[in-house]
Structure formats: C-alpha cells, structure tokens
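Look for chain A in each of the two complexes below; its partner is chain B in the first and chain C in the second.
Let's look at the complex of A and B:
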C-alpha cells in the first residue's frame, strides 16, 4: 500500500484526525484523546505491526502531555506517529498492553518519567530510577540542576580526598 | 629493580617487598559504567598493550586488584559499584576516569548521575579528560604503580578508617525516604 492510500483510509475512519506528512516514508496523525487507542489498534490492523516506542512530550504552556506512539510497518515501509494530547493535571490514558505485550514496558517507562497513568496496565512499578521520591524527572517543571546541586553538589570538605 | 634497605624493611615490614610485586601484577576488574569503557580495548590490545605492565582484565571482583570507574556513574550503578568494591580483597585500588567522577562533567546538572565519586568511595587516582586517551590511561597506570611502590596508594585503608563517613554519604543518596525539592511539591498541591 502506498502512503496516500493509507492516509485516505485513515481519513475515512477518523475524519477529525490531523495528518502531517514529513516525507514519503513518514507521517503523523494527531487524534482526539478518546480516539487514541482505537487509532493505534486501527494502525495495527493496517499492518503497522511494530511498536517502536511509546513516549511523551510535556507541553507545559498548553497544560498538556502529548503521548506519541511510534509505529512501523515492514509491509509498507512506512513510519507513523500516532499522537494525542491529554490533560497535564490528571494525565490518564487507556493502556494498549493488550495490543502489544511490549507496550507494558514502554508504559512503565512513561509512567516513571512523566507520571502518566495508563488505565488497564497493572504493572506500573518503577523501572529505571533508584529509589525515586521526587516528582517525575522528565516533566518540564522539574528543576534538574537544583536537584543535582542539592543531592550531589554539596561537596564535603572534611576527610574527603 | 627492588631497592630496599634493611632500615626500610624494619620500619615498614614485609609490605615494602610485597608492594613491589603487587604493582607488577595488577588485575583490573572489567566493570564498565560509562563511555570511558571504549578507551579500554585499545589500551588492552596490541596498539598500546597494557599487558607489558603485567596488567590484565579479570572477570570477577574476588580476584581483582583494580576497579576502574570508566566515566559517569549513575545512582543505580553506584550501588552496584559499592557492592563490587566491598567484595574485592585488600589491597585494592580504585581509579576514576574522566571528568564525570571528579565533578560531574557534562552531567553536572543531571538528576541521576553523581557528581563526586570521592565522597562515596576512596579514589586512589583520577585521570582527567573527556575521555582520556589510551596514552593518558597508561600514564595514569604507571603513576598508580609508582604510588603503590611508595606505599602512598592506600585508599582501601582510608575506606576502612572512615567507613562510617563513607556509609553516611552513600546512604544520603541511596536510601532517601522523602522528596528533595520540597517547595515544588508544595506548589503542586495548591
């Protein structure tokens, strides 16, 4: 299937989706919050069988998190980003771990670093950070330098080499 | 050559003799934490040939003399490095590579990378640079050998003597129970 055929199918199914074409091998779809999981499932049906990653973008001025599903199709040699904006104060989105098993791990990662809740994913334990007590570190309002200065920066003169 | 007087032997005991042999057969634990690990293969293999100094890689901490912190050290691997260091039999030495274990380097503002290794473990020698070239590493190794010979590289003794101070610093980072940036948490509840 060519790129324009895929896009026309998507427009048919999701008339409100905003589609942005980067080049002939890559495009992105921005859908409504409620349509996000349906759109990802629909893309899987269109042979986009590889979920490369789930990630999030913090748009702090808009008060939104943008969840990005990065999918790839070996059949069409196309890459697609399915994007959706969710509320930043109470970030919640349906889990897609029933579509791809690996999505569970990516959701754990996004949950740890952005604090986004994935409804339906029962295993959102901390994954990478050691004993993290502060707010999720990838949020824009987390001051990494202040944290580092406070925890690691107070060089102790006594007895150290 | 082993140069020692009978006075030296009387003052320092057998360690003078032992240190001579120790410096000639350093086995380093190949535990790579950061980007500096990529400088070690050329150092070990034929181009710079580390083995002419009697040094070689060792797979387990129980048989190693030398621990290399090759680059930045995250909090998570700090815990493993402490386990590893404490498993190594004495005498043992620790070398910090690059600028990251000295003052944080380019990760000075990172939330997950420690800034100064010397607060958590006794560093015998720091090799500066980002990253140090194999020549600098070899230079560092020869310096370490000299200071072992003189009996100056005694980080493991310092660790034993100041064990509580080191443990306190380690616990500050590893076993925190409350958020660090408190005022920001208060902002969120408003």
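Let's look at the complex of A and C:
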C-alpha cells in the first residue's frame, strides 16, 4: 500500500485523527486518549509489525505528556508515529503489552523516566536507575544541576586551590 | 532421614540457585548483568539488570546547544560511534530542510562503512573469545587498528570522531588518505580469507554455533530484532536499501540472507556483510565527485535554532536498526531525543525467552552471535 492509501484507511476508521506527513516514508497520527490503543492495534492489523520504540514527550506548558508509539512496516516501508496526549497530573494509559511483548520493556522504561502509569502492565519494576528516590528524571521540571548539587555536593561554591 | 531428603528434593528452593552473569564476568560484553536462576547447568529464568552504564544522554542533550551535542552523542556507542553522529546530523538537516553536498554524502558513506567493518571485527573477536579460540580476537583487534589509524588521520581521534556534522562533514579528506584506504581494503580483503579458514571453516566453531539460539522469521519481527540477526532468519530487509540515507541510493549492492536463523547463520551473515562493506567502500571511492564542497554554510552555532517538528531517523548499524526520535520546539536545544538502540529488544526482552533452557556456557556465545551491546540499553 502507498502512504496515501494507508492514510485514507486511517481517516475512514478514525475520523477525528490529526495526520501530519513528515516525508514520503514517515507520518504521524494524533488520536484521542481513549482511541490510542485501538489505533495502535489497527496499525498492527495494517501490517505495521515492528514496534520500533515507545517514548514520551513532556509538554510541561500544556500540562500534557505525549506518548509516541513508533511503528514500522516491512511490507509498506512506512514509519508511523501514533501519538496521544494524556494528562500530566495523573498520567495513565492502557498498556499494549498484549499486542507486542517488547512493549512491556519500553513501557517499563517510560514509567521509570516519566512516571507514566501503564494500566495492565504488571512488570513496572525499576529498570535502569537503582534506588532512585527523586521525581522521574526525564520530566522537564527535574533540575539535573540541583539534583547533582544535592547528592554529590555543591561544586560551584567550592573555592579553587 | 529418608523422609527429610525426599522433602528437600521436592522443594524448589533447594534445587535452584541464582547466578550473576556479569558485570565482572570475562564472557560479558560490557557493564551489564544477567541474573540467572539455574537448575544444574540449565537456565530456568533470566532477568536482565541494566543500568550500570547509564549516563543520561537523553537528559544531557536537552541542556546543550544543537551543535554542542555533536561532541556528546558519539559516546552513546563505543564500538561504532559514527552512526550516532550520522543519525543526529541527518535528523537536524531534515528538520531544517537542508541537504549535505554530494561529496559529503559519499564521505559519510565511507566513514559509516569503515565504522561498520571495525564493529564487525570486534564481533568476530567476540565469537573467538567465547569459544576459547583466542587467536581470533588477537587477529581481529590488530586489524581493527588499521581502521582506527585511518580514522585518526582523517578526524584526529581514534574512537570518538565527531566528524559528521549537520550540513556535511567537518573537513576535506587529507591528501593521500584515499590511497591509504585502498591499500587497507586490499589488505583486509586478503585477511578475510584467512578469517574464513580460522573462524568459519573451523569445525570447533561450526559445532558450537550450529543450532544455537535459533530464531524464526515471525518471531524476529515480533520481537523487534533487526539488522544482520533479522536477515539471518531470511527476511530480506536492509535500512540502507529500504529507507536510503547518505549515498546508499546511488550505490549498487545486493543484500545477502541466510535461512537457518541459528548462531552459525548469524555469524556467516556478518561475514557476508563484511564483504558487502568492503565493496561499498570501493564503489563509493570510485563514484565520489572529485571536487566540491563538503559542508554547507550553517548559521552561528551559538545562535541557530531548529524549526519546530519531530522526526525519526534510523540507520543500519552493525547491530541492527539504530534510530533517534528527535523533537524540536523551535528552540536552541533539542526538546526531546529518544534513542532506540540496535540490540535493546534482543538483549532485554528476547533474551528472557531465548536463554531459557540454554546451558550456562552458551550465554556468552549467544550474546556474541546476537551482538548484544549494553550501551544500547542504558544510554
């Protein structure tokens, strides 16, 4: 299928989706929070078999987290981002670990670095940061300099020898 | 007494024990650990434990200027740093709507293929090291040094080159460099036949690798396994062909595939791709425009901002699809950068399935044939 055929299929199924074309091999779909998992499952049905990565973007001014599902199809050679905006105060979204087993690990990663709760994923143990006490570090309001000063001592105030 | 012994044997907790494979294990590739639950010699459960190499690149790039990041991101991957520079540069170019000059595209191709070869050489050594054939790592690492010498001459650095920049490459090729590159290619071509004798026709290696960690086609796609490991299962897909970048769309090459999907197929696949890389470098040197700019004029690095937008750029690394998802909010530094490492899914998720039932001594070898690289997980 060509890119425009895929897009027309998506519009037919999700009339409210906002579609943005990056180039002839890449485009993004922004759907409603409740439609996100359905949209990802629909894309999997359209032969988008590879889940490249799940990631999040912190739009702190809007008060939203953007969850990005990055899929690729070996048949159509198209890269697609399925995006959805969720509330930043109570970030919760349905897990897709039943669609792809690898999704569980990416969700664990996003949970650790952004504090997003994936409902239905029962393995959200800490992965990379050992004994982390602070707020999730990839959030925009996490100040890495302040954290460093708190944990490793204040480097700026020390006098040079 | 008998009753107690039977009771102990029935209890699972006395039958199984926990073994830490890594980070201080000679068979482990880098700072990473598998916590294995073993029963006798067989693995029942495996739990990956990454994090010992975490340097927080994704956060660090958010606080630095677009141009400053060039000196930071090659450090994500030690063995093959050039792919990171290439992805980042291509992503910035795509967001800004500029294109590198043709000569720069060819130079990028040559540098990327050289990095690929040096990564493959490291991998060959890994296979030799974990089968007890210690001649292989000595040979391959010595040959890899010829490539590091070339890199040093070209870029001034042996490991982290910072050569590919947004808008082209840092500087023109030094005079005499291409001749030296051709000489090195002739040399490595001769050595490749020696490697065939030493590694791929060696009964010891063939016996150990045959049937090790067999992957099915559908399984490989489902678990996000990419690159040579995917092609070893019979899927004819290569990012260089399918979504071309640099000068790959102008070069002619055929992607080899294997059918078996086991350790031997993966090793042979890498050896075949080694030959393809040599051919690609030779072709690129021949087809490269003799003169022309290697870099477009870019705005002041301290002031330039990248237009709003997001893009995912991926390249074919020696370990598979390496990609960045970069978001810009129109500011002077990246708003978000997510790294998709080539062996992330293979090492963290697929390993839990594949290593179950395997024997302890095969873990290091499985990791060598899958080319698992811990910097991909930790970033």
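Keep in mind that, in the parts below, the second predicted complex is superposed on the first by the 152 of 161 C-alpha atoms of A that agree within 3 Å, B and C clash if a C-alpha of one lies under 4 Å from a C-alpha of the other, contacts with A are read in each partner's own complex, and residues count from 1 in each chain.
In the analysis below, a residue touches a chain if its C-beta (ideal position, glycine included) is under 8 Å from a C-beta of that chain, and two chains touch if they have at least 3 such contacts.
All of these numbers come straight from a predicted model, not from anything done at the bench.
Enquirer: Please indicate which partner A:49 is in contact with in the superposed arrangement: first for chain B, second for chain C, both, or neither.
Expert: second
Enquirer: Could you look at A:81 and tell me whether it touches chain B, chain C, both or neither (first, second, both, neither)?
Expert: second
Enquirer: Where does A:38 make contact in the superposed view: on chain B (first), on chain C (second), on both, or on neither?
Expert: Neither partner.
Enquirer: With the two structures laid over each other on chain A, which partner does A:144 touch: chain B (first), chain C (second), both, or neither?
Expert: Both partners, chain B and chain C.
Enquirer: Between chain B and chain C, whom does A:130 touch in the aligned arrangement: first, second, both, or neither?
Expert: Both partners, chain B and chain C.
Enquirer: Should A:153 be classified as contacting the first partner (chain B), the second (chain C), both, or neither?
Expert: In the superposed model, A:153 contacts chain B only, not chain C.
Enquirer: Considering only the contact definition stated at the top, list the common interface residues of chain A for chain B and chain C.
Expert: Shared contact residues on chain A: 128-130, 137, 142, 144.
Enquirer: Quick one: which bits of chain C touch chain A in the complex? Just the residue numbers, please.
Expert: Result: residues 50-51, 54, 56, 58-60, 63, 94, 221-224, 226, 235, 237, 242-243, 309-312, 314, 321, 323, 325, 327, 335-336, 338, 340, 344-345, 348-350, 353, 377-378 of chain C touch chain A.
Enquirer: Which chain A residues qualify as touching chain B in the complex?
Expert: It comes out as residues 128-131, 133-135, 137, 141-153, 155-156, 158-161.
Enquirer: Please output the residues of chain A touching chain C within their complex, sorted ascending.
Expert: It is residues 22-23, 25-26, 28, 49-53, 55, 57-58, 68, 70, 74, 77, 79, 81, 100-102, 104-105, 113, 127-130, 137-138, 142, 144 of chain A that touch chain C.
Enquirer: Write out the stretch or stretches of chain B touching chain A in their complex.
Expert: On the chain B side, the touching residues are 74-76, 79, 104, 108-116, 118-119, 122-123, 155, 158, 162, 165, 169, 172-181, 184-185, 188.
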